[in-house]
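Next, two complexes with subunit A in common: one pairs it with subunit B, the other with subunit C.
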Partner chain A sequence: MNAVMTTTANQPETARPKTLAEQTIAAATVAPASVLPQPFNRLRQAAQNRLSQVPFPTRRQERYKYCQLDGLSNTAFESFQVFPKISADQLAALTLPECQDARLVFVNGRYQPQLSQTKALTAIKGFHITPFSGMDDAAAEALLTQRLEAQVAGDDNWFSLANTALLDDGLHIRVDRDVVVDVPVQLLFVMAGADATPRIAAPRLVAELGPYARLTVMEHYVGLNNASATLNTMGFDVFLDDGASMTTILFQEDHQAGFHFNQRRVQVGRHAGFNQHTLAFSGLLSRFDNHVTVVGEQGDARLNGLLLLNSSRQSHHHLLIDHQAGHSTSNQLYKSIVLDEARGEFDATVKIAKGAQQTNAAQLNKNLVLSPLAKVYTRPQLLIDADDVKCAHGATVGQLDEEEQFYLTSRGLSPAQAQYMLIDGFAQELIDQLPIASLHQRLTGELQDWFNQRFGQQAAE
Partner chain B sequence: MLSIKNLHATVNDTPILKGINLEVKAGEVHAIMGPNGSGKSTLAKVIAGHPAFEVTEGEVLYQGQSVLGLEPHERSNAGIFLAFQYPVEIAGVNNAEFLKLAYNAKRKAEGKEEVDEAAFNALLKEKRALLEMDSSYLDRAVNEGFSGGEKKRNEILQLALLDPKLALLDETDSGLDIDALRVVSGGVNAYKKPDNAVVLVTHYQRILNYIQPDFVHVLYKGQIVKSGGKELALALEEKGYDWIIEAEQAGVA
Partner chain C sequence: MSTLEQLTNQDYKFGFKTDIETDILPKGLNETVVRQIWEKKGEPDFMLDFRLKAYAQWLKMTEPRWAHLTFPPIDYQDISYYAAPKQKVQKQSLDEVDPELLATFEKLGLSLNEQKRLSGVAVDAVFDSVSIATTFKKDLARHGVIFCSISEALKEHPDLVKQYLGSVVPTTDNYYAALNSAVFTDGSFVYVPKDTVCPMELSTYFRINTEETGQFERTLIVCDDRAQVSYLEGCTAPAFSKNQLHAAVVELVALEDASIKYSTVQNWYAGDPKTGQGGIYNFVTKRGKCAGARSHISWTQVETGSAITWKYPSCILQGDHSRGEFYSVALTNNCQQADTGTKMIHIGKDTKSTIISKGISAGKSINCYRGAVTIKKSAKGARNFTQCDSMLIGDQCSANTFPYIDVENDTAKVEHEASTSKVSEEQIFYFQSRGIGPEEAVATIISGFCKDVFRELPAEFAQEADALLSLKLENSVG
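And then the complex of A and B:
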């Protein structure tokens, strides 16, 4: 048995039959319908060439060991041809009260200026948002040479390359030195189904913050009216100059048949701070690859995650925090609540380079597994080459605590009330930290609905 | 009020209680004393319905009805309250919110309307004053980061709010300094009425200087081996448990 497996693993990649998803996506990259300026063709071509050399992920690869890709691999994806109108009511329901005048909308990978409202942002001097589709050739050329082109050659992430090869559209966000953007910006990515064909989208964000600039964004991924599978390959590149500070809330509300692959590269400069709050609540299969490089001394990276998964949803969170400069700090707190046959994964590595002394890093992953068939995979790791650092990591996996439940029920709370209080208490630690107030109420409400649904099921059994 | 007959209970198949008999009437205070490991806390937890214990024999009647088939919340709603020896810390659950939910659960069980925030806060303020607890306790998570004394005050605050018929106090005195002991005992004495009863589990006689028992029982190896009035507690204070244990062993031999 071992011998057979070894042989299979050693087979050259060319001998491996290509999956349906791989074939169709590769075909789609050949001649994508494009609204982008000329220079982007060069970028897409480079990614397409690279894509042919990078194998499609399988579970034999360590990084995809727990990712059940069968459903994805066996689906024939095509690029979106139509970009349905989103009604004003639908848009209003999706817009946060804080972001009424600071909302940018993508539909099926393409930026939609007529659905976007940027009144609050155009008033801010030194804040620039430019859609890729609205750039002139010179601006596109500059973005490519400065930010996007160099990374293609070394990219071995299949979905990241697919995103670049298929690139639909994107936003180039720039905040000038000392500019504080005091309105949170909602970036709404809608996957809107039009027909029965599985579709793939490839939007991209690039954010550059100058020295001491500040920005808060909410990336909101939603599915509307979807009749078939969709695959969103998202890319986000963040560059934080000295003392810059950026917070992003990544709220994933994909539809039931939504695949979501999100690749994020973040560079944190001297005294700069990157804060990310990931909220993974839905979709069929999602995967987030976060690669944060702290390049400047006293740079700080904080990544939180809250996973709330039921049914047979899967959500995979891979993090690499690469400390290349000393006196830098990073902190990760990920919590998941899984039930039914859902799967959550936290695979996070903190890497500290030889010279990055006096670095302080912490990783914590806590998991509540509420059904016998639900699973979490947790792997917090430290790779330390420096000798004067402070690192802590830990993970817990468990059910609701029996003593805590007894304490609450002994005060007259019903078992359901007690369970809800404990689950809510578990999640609130992360919800409390979100910098947009309306999200607190909204997420607490979603958690309650989610629980009631679950408890209704239990009562019916 | 409470009638325990030949109660046997096990934890993980290890027998802890081996035939307890106890009668508690309204208006009475009973102290259950005994050396460590005698089963005092188990007795309190079994009455409250802790799921870790299995009753293998005997009966617990409360107001004439068996409670052994009832869930912990049903026992609580019926008027049984357990003040924990080690109050559980619950991260992320707000103390004030918890107290309000517990109070309204009791109101609901009594067929009364739930109270609103303002009415509850007024009641809570009054009870907090009794236990010398300032409002900072309310913003914190349930028992999280509370000192030993603060936890016990929070327990007696719940006793005062829920006003049960039967209060089981499990080592409420342990870990308290003299001031806290005075405050906590004051809370228990304020709660005491002719129509309710207190079963106080304690290792030391000290708390009985503040809360006067009508009866004192000595629990040893899962059985009540001696009962008496409050003078028994004084004798235990003076002579320890050994003389009772020796007498018991002589009797067995």
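And then the complex of A and C:
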């Protein structure tokens, strides 16, 4: 008898004409993935069925309220059947110095073993990488039944379903118990332009860490030679067993016309830790849906984000930290610098289940709005069903502090230098926390280049 | 029984029902009913148009489903939309008022006589949709302040009402506002003329009587240039077994340099403590418009009652340099559900808003803060500060926070902070070790928690509110 009031996201819209993107993507899912073991086709089929029931995102849906989707909806996408050659030089330029011998390459959604460098990884006993295409039916069956299949039925995220429905050759990473992978692994996702047709890619990763295993990865999303729009529907599932710890750096360097929908589900076990650093600097429209479930006591989740948005970019960050076990902790720190007509969105929810006592959760979102037409939408939310918890959240939206600028200029800095120093200080809090040293330099340099370009060559060293 | 579990044992202290004959329309809603209400009220012609338009709009709308609330569907045809106490003659003094009615107020702790004599507060007592007694009207008239029921205002000041009614909450605003616009029967009207400081605090006590009557109050307060007014609203209702729908609309208009302070203490029947059956559904649209430059609207609310509260007192900050404030304490206990907060819409330059929200959930209740701060492109130099704290008492309740912050220009400064805490056994132990009983300890902690809001209330209300919270949380510890 009781009707539960929920968000309107799931309500079917009546007589809604299908958008071009929806039609073409749905059509693309029909082509079978010949390279995959048989069980994966079942998964794809399930996702296809579900996809037909879930409405395509529009701004009328609460969770897409701030996404301007017109550009996406009106594009006819085809799936990537072409995998252009990428030269060794191009790849080398994209590889971090720390990851020379630990680089896994995906081109247009498909894992490319011949382009990958695994020398440092094969040396580690207990670190396994298996492309989906290289699995036998039994292994595939196990992966599906234990990890992937259950989530499809209840999924109402259109892009995550599209990713599964379009599943191509994904990659399974497993780290055995007690194994510490001491080199950072660069996962290079290249969207390589082939022709003038807008294309959709569906890269998929599954990472399973055994008890007390450790792994650091850098997900690097780049565009190469793109002549038209691309749509990346990345899917990432992470399972951390008791005491396991994983750090991921999500570095987004999409090309100008890149749409990027990134969905990840993370399960954090007992005493396990999940750290994520999102660096969103580029692309046309990007959207990150992070769903972290802390299932074990004393599990810990830390999600940081640095957004630097200009022109008419949109970057939408949706986080759900679901504390199902007590004594767990989570921390979110997202900062954005928004200029021109860009829009940044932070929509984060901390959920604390009944009985998850002694949980400690914090959310903080800070925004610098530096142009009259820039927009910031922030929604730090708490859903608390347990009484003995500590939760705090905060959000600020503002500009560079005039007093601080005055102070610096009174000490002899030029106005531009003062501004740069403040912006740099704002960003460094997050850059400092990155566990890969070469990234510090690179990001600081990028920030400086960007500032110089924008404000003339005024920012001093 | 543990300290905190006993919270659920507090009964509704105002659960009684006065038997007074009422003139009541048959259940159901259609165009004829809307016309009948208009006829019965003897309203001017433009009101028929207003009501019918609202009704037509309401038919096209659907019930909002986005709030974090659970309740069975409401049968809008199972409600009688008009009930008036059968007292046709206008009263000049309290002596002429039905003694039984006066006794009702007496039980609520509100004696019109006493109030009149002691506190200097004019009271427009609304008993089931029709104003019974209005005291101090003449005093106010001397200052040019109009304070009367809205039906009276429609008869005597139709132009004023026509100008402002629906100007802040349009008939099309939302489902419940549309319903209210179509069928509202009474409420209060205040007009403070230019350069006038209203000489006393105005107050209305609402009371829901007559079983199965939805109450659709309509309040309109207009403060002209450089005028000031403080308005108090308080509610209690008898215990009934069937859910009662209350869909009120409150509109505030502040012109240049005007200041309106609107305070509410709400303690309606929350339903059966065990099952939540029978409580009031409080679906209210409250909105103020700072239309003039440097105008100021302040909402203060203490929400302790109702089975469901769905209420977002908002400010449209249109005039340059205008200010909006929202101070709220929302307490939910047993099976109560509250989804409440505010909207601050910054349009004018250098507009400022402050939001202080304190949520206390106990028992099996759900308490949500839902707020929006919107800074439009035109709101150069806008400023907002928001603080929303939640306190949980017991491990069966929920506290949720949904703040929306939309900033669309680069000169705005917005700050939002929130925290969640609990009354711990340790704190209670500390108090007890100092010889202070557990109940008093909880009352003290809660009182401290809500201090920021209570000090915004008019003095006599602040005391009442403090007492009310302690009363509501009685037996919560032991």
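In the analysis below, the second predicted complex is superposed on the first by the 439 of 461 C-alpha atoms of A that agree within 3 Å, B and C clash if a C-alpha of one lies under 4 Å from a C-alpha of the other, contacts with A are read in each partner's own complex, and residues count from 1 in each chain.
FYI, contacts are C-beta pairs under 8 Å (C-beta built on N, C-alpha and C of every residue); 3 or more make two chains touch, one makes a residue touch a chain.
Bear in mind the structure is a predicted one, so any value in this text is a computation, not a measurement.
Colleague: Would you sort A:194 into first (subunit B), second (subunit C), both or neither based on which partner it touches?
Modeller: neither
Colleague: Among the partners subunit B and subunit C, which is in contact with a greater number of residues of subunit A?
Modeller: In the superposed model, C touches more residues of subunit A.
Colleague: With the two structures laid over each other on chain A, which partner does A:26 touch: subunit B (first), subunit C (second), both, or neither?
Modeller: A:26 contacts neither subunit B nor subunit C.
Colleague: A:390 in the overlay: touching subunit B, subunit C, both, or neither? Say first, second, both or neither.
Modeller: Only subunit C; A:390 stays clear of subunit B.
Colleague: Would you check which partner chain A:398 touches, where first means subunit B only, second means subunit C only, and both and neither mean what they say?
Modeller: second
Colleague: Please work out whether A:409 is in contact with subunit B alone, subunit C alone, both, or neither, and reply first, second, both or neither.
Modeller: In the superposition, A:409 contacts subunit B only.
Colleague: Of the partners subunit B and subunit C, which touch A:372 in the superposed model: first, second, both, neither?
Modeller: In the superposition, A:372 contacts subunit C only.
Colleague: Counting contacts the way the document defines them, which residues of subunit A are shared by the two interfaces, the one with subunit B and the one with subunit C?
Modeller: Dual-contact residues (subunit A): none.
Colleague: Once bound in the complex, which stretches of subunit A touch subunit C?
Modeller: Those residues of subunit A that touch subunit C are 1-8, 11, 62, 66, 354-355, 357, 367, 369-399.
Colleague: Considering the complex alone, what residue numbers of subunit B touch subunit A?
Modeller: Interface residues on the subunit B side: 48-52, 71-73, 75-77, 81-82, 84, 87-88, 90-93, 98, 101-102, 105-106, 109, 141-142, 158, 162.
Colleague: Across the complex, what residues on subunit A touch subunit B?
Modeller: Counting only subunit A, the residues touching subunit B are 401-404, 406-415, 417-418, 421-422, 424-429.
Colleague: Could you please specify the touching residues of subunit C with respect to subunit A in the complex?
Modeller: Residues of subunit C touching subunit A: 64-73, 375, 377, 390, 392-422, 424.
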